[in-house]
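Input: a single structure, listed below in structure tokens.
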Amino acid sequence: MTSPLGPDAATGPRTGRPRRRRVGTGGRRGVPLPLLLPGLVALAFLLLPLLALIVRAPWRTLPDQLSSTQVWQALQLSLVSATAATAVSLVLGVPLAWLLARTEFPGRGFVRALVTLPLVLPPVVGGVALLLALGRNGVIGRWLDAWFGITLPFTTTGVVIAEAFVAMPFLVISVEGTLRAADPRYEEAATTLGASRFTAFRRVTLPLIAPGIAAGAVLAWARALGEFGATITFAGNFPGRTQTMPLAVYLALQDDPDAAISLSLVLLAVSIAVLAGLRDRWMTGA
Amino acid sequence: MTRSVHRTRRMLKVAGAGAAALLALSACSSSTDSATSKDSASSAAAGSSSSPKLSGNVTVFAAASLKESFTALGKEFEQQHPGTKVSFNFGGSDTLAASITSGAPADVFAAASPKTMAIVTGKKDAARTPATFVRNQLEIATLPGNPHKVASLKDLTASGLKVVLCDKTVPCGAAAQKALDASHLKLTPVSYEQDVKGALNKVELKEADAAVVYKTDVHAAGDKVQGVEFPESAEAINDYPIVLLKNAPNTEAAKAFIALVRSAEGQKVLSEAGFLKP
Amino acid sequence: MAADPGRVRTYRPMTDIDAPEAAPTRVGDEGLDARLVVDRGAFRLDVSLTAAPGDVVALLGPNGAGKTTALRALAGLVALTDGHLRLDGAPLEDTPPESRPVGVVFQDYLLFPHLTALDNVAFGPRCQGVPRAEARTQAAAWLERMGLADHAHAKPRRLSGGQAQRVAVARALATRPRLLLLDEPLAALDARTRLEVRAQLRRHLAEFEAVAVLVTHDPLDAMVLADRLVVIEHGQVVQQGTPADIARHPRTDYIAQLVGLNLYRGRADGHAVRLDAGPSLTTTEELSGPVFVAFPPSAVTLFRDRPTGASARNLWRCEVEGMETHGDQIRADLTGELALAADLTTVAAAELDLHPGAAVWATVKATQTHAYPA
């Protein structure tokens, strides 16, 4: 692009967004030691247990361990239910995040605290709470059963519900943070152009916060994939229907730790592949 | 003074070992009872029996089904031996066995099956041969009032009945499978629970209509479930072995605790909880 | 009409800011008629505005005066506490912003960063229900008019400041508003771009058939772009009129400073004005009662020694308080018998050996002063 306006006018973004600075490839220069050392310790701390898992893996018997259909059933169920739980979190969680970030109502701070509750709740307690609410005898569940003949425990839907329960807060918090950081005046600009608040949200805000939504969805997906406590408590454990990988790992651990390690490796490998793939596709250019 | 320092260091060691235990999913949680003060400890010990003076902490890893009776016996033990303190770590026998073989410093291990005990003896972590101290028998837990009129193991195979079993990898599941096989029954539950409490909970919360659990669990659940005995349970009686561990930090107190469990007094407490004598 | 008709006059567009005569137009059902009251506890905005179609009104005022609040109230982004807002006869107080026939050019443009220039401009028509293809055709026409046809498919971050500004104007105009609002339309630009964009904007505003209201703190922008200035201080209108009128007859220190005049308040008795500040001043006008007297800094002549032979009228003993360069001129701020600003050439300043603290005599010819009723 040529412009008579000088180099600054030609390249500087003028839309109110912070200027992105191009970082040179020699970015390692001058990394302060007080940041480098703890950072490396943190990395080692996070990776060492995974490394131990790989070192201790029964590589020789691995093919046998993974040959059972139950393993692949569990893996497939895990992927399907975690993805469905993420979808549920997106459909319901993004609007909730918007409400928390962009509207004023009494007790909003309190509601925000409530949303994070599933994060601190032990997942097993979350599972019990879900049973009490949506179980066959639960506050709402009894009506679902009586009116529609729907029972959620011991079903794949129950798995998705349990996973969404623990995963959605990650998405809501992530999206709400992005919304708070995003300039609300873009929505104002859209309304002055004739957009209703919903249209402004859909056509302006949503694309603007897409990177934050993607990050939140990935977090939620990862959390859902690893979910154990709420799932086994609410949905039980039945191969092919409610037995996800974490459940299979836990139960294998009871009598065959080698099998548990093998299953964990599969779960790890799949997660790494998916997360790395998504990161490249969604997170760059964010 | 020195003792408290010593204890603190030991606690740290416990915590460290717990963190180090690879894949030990349930962390060691010790139920701490009120510690008796040193003064009252020494005065009470003076008037005590002729047994050697015991002191310090006894750490007992015990199967979850032993929680009620062992907690009572722990209090009893602390009263008999002032100056001692019994810490429990209740959990799935397999998880506990994994912690012990990974180096968790425990004095006593009481398992819910010989199979899980074999994990510990197999790694040569036991100080001697385990002894069976109680046995447990399966029972069907149904909703209060037994609305589905369950009377036998066969009744559980009726369609429309939501039954939960323990997973085959845990003792109660293995025992239930044994009983089913013995009577040539095929039962498809709605869920294979990760432990006996999980199975019982599903009935207590009325999510499942019935579960195959231990007599002691039905007993502990009170009137939240109703127990139905079935003859096939005789085919799958579960032995509970107890053993002194090789790396026990407090061998003397641990021996005394095992003795209490096996004594007539201990057996009384255990049978009150629904256990059978060995 | 609830507006204050006694003070409000409207003028037709002018091509020359020095053109003195501007005939008032009648404000009937057409155009803007508003009294904007926004109460925010410590701050209260109470501003009346009227304008006929074709008018360009500039809200001028210092930071925090309430200009932007007034603009946001017109757009519906801030609710009115009191007052009214009618556009072409239709009351708009309770109309949500998306339903108002109002277009806004925001200070930093707020172009949607994820849309191309074309889609930014097509956004408004799309929201009004125009089919996508048609909206894009319209948008392309607007960009063409703005001379931006080549940049239709560029994302905002690829546009220069001037280009972004023109896209923002096109986007606002594409909804065919009956009221166009511009918030500091040139503030985000560097000096060079500004000159060029200002001229273009002036042309587009002159072509615009409905009411345009722009907010600025820059008097030059206001005078070049607007037919009429409304000066706001502390939430109130302190003066309004044509740029020429206001430039010549400032009524507050803020405006006098903006237009670069020395301004004093006083009481006239014939040609003599007794200033509230103390000394008297002789003017050419013959007035009586409260007046303003104004003269430009360039009308002031400085001497180191008391000038001999000159009449003693309009001669004051002063002291240099500060000096700063203004282009090729030096502006000296003086205190003493009369506080005033004086412009002189660099050479003259050197000859006089001016420096802060130096004692000087300042004089102004009566013919260069200008007195008008307060």
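What to note about this one:
The first chain written gets the first letter, and so on, giving A, B and C; residue counts start at 1 in each chain.
Going forward, a residue touches a chain if its C-beta (ideal position, glycine included) is under 8 Å from a C-beta of that chain, and two chains touch if they have at least 3 such contacts.
Bear in mind that the values here come from a model prediction, so they are computed numbers and not experimental data.
Removal of chain A in thought splits the touching network of the remaining chains into B | C.
Every chain gets a centre from its CA atoms, and the centre nearest the mean of all protein CA atoms is that of A. Computed from the mean C-alpha positions, the centre of chain A lies at a distance of 52 Å from the centre of chain C.
If you average the Cα atoms of chain A and of chain B, the two centres end up 37 Å apart. Computed from the mean C-alpha positions, the centre of chain B lies at a distance of 85 Å from the centre of chain C. Those residues of chain A lying in contact with chain C across their complex are 1, 3, 5-6, 8-10, 12-17, 183, 185-186, 188-197, 199, 203-204, 207-208, 210. Residues 49, 52-53, 56, 128, 131-132, 135-137, 153-154, 232-233, 235-239, 242-243, 247, 250-257, 260-261, 264 of chain A touch chain B in their complex.
Residues of chain B that touch chain A in their complex: 22-23, 25, 92, 94-95, 98, 115, 162, 164, 167, 169-170, 189-194, 198, 201-202, 205-208.
Interface residues of chain C, counted against chain A in their complex, comprise 75-77, 96-100, 102-104, 106, 108-115, 123-124, 127-128, 156-162, 164-165, 171-172, 175, 188-190, 192-193.
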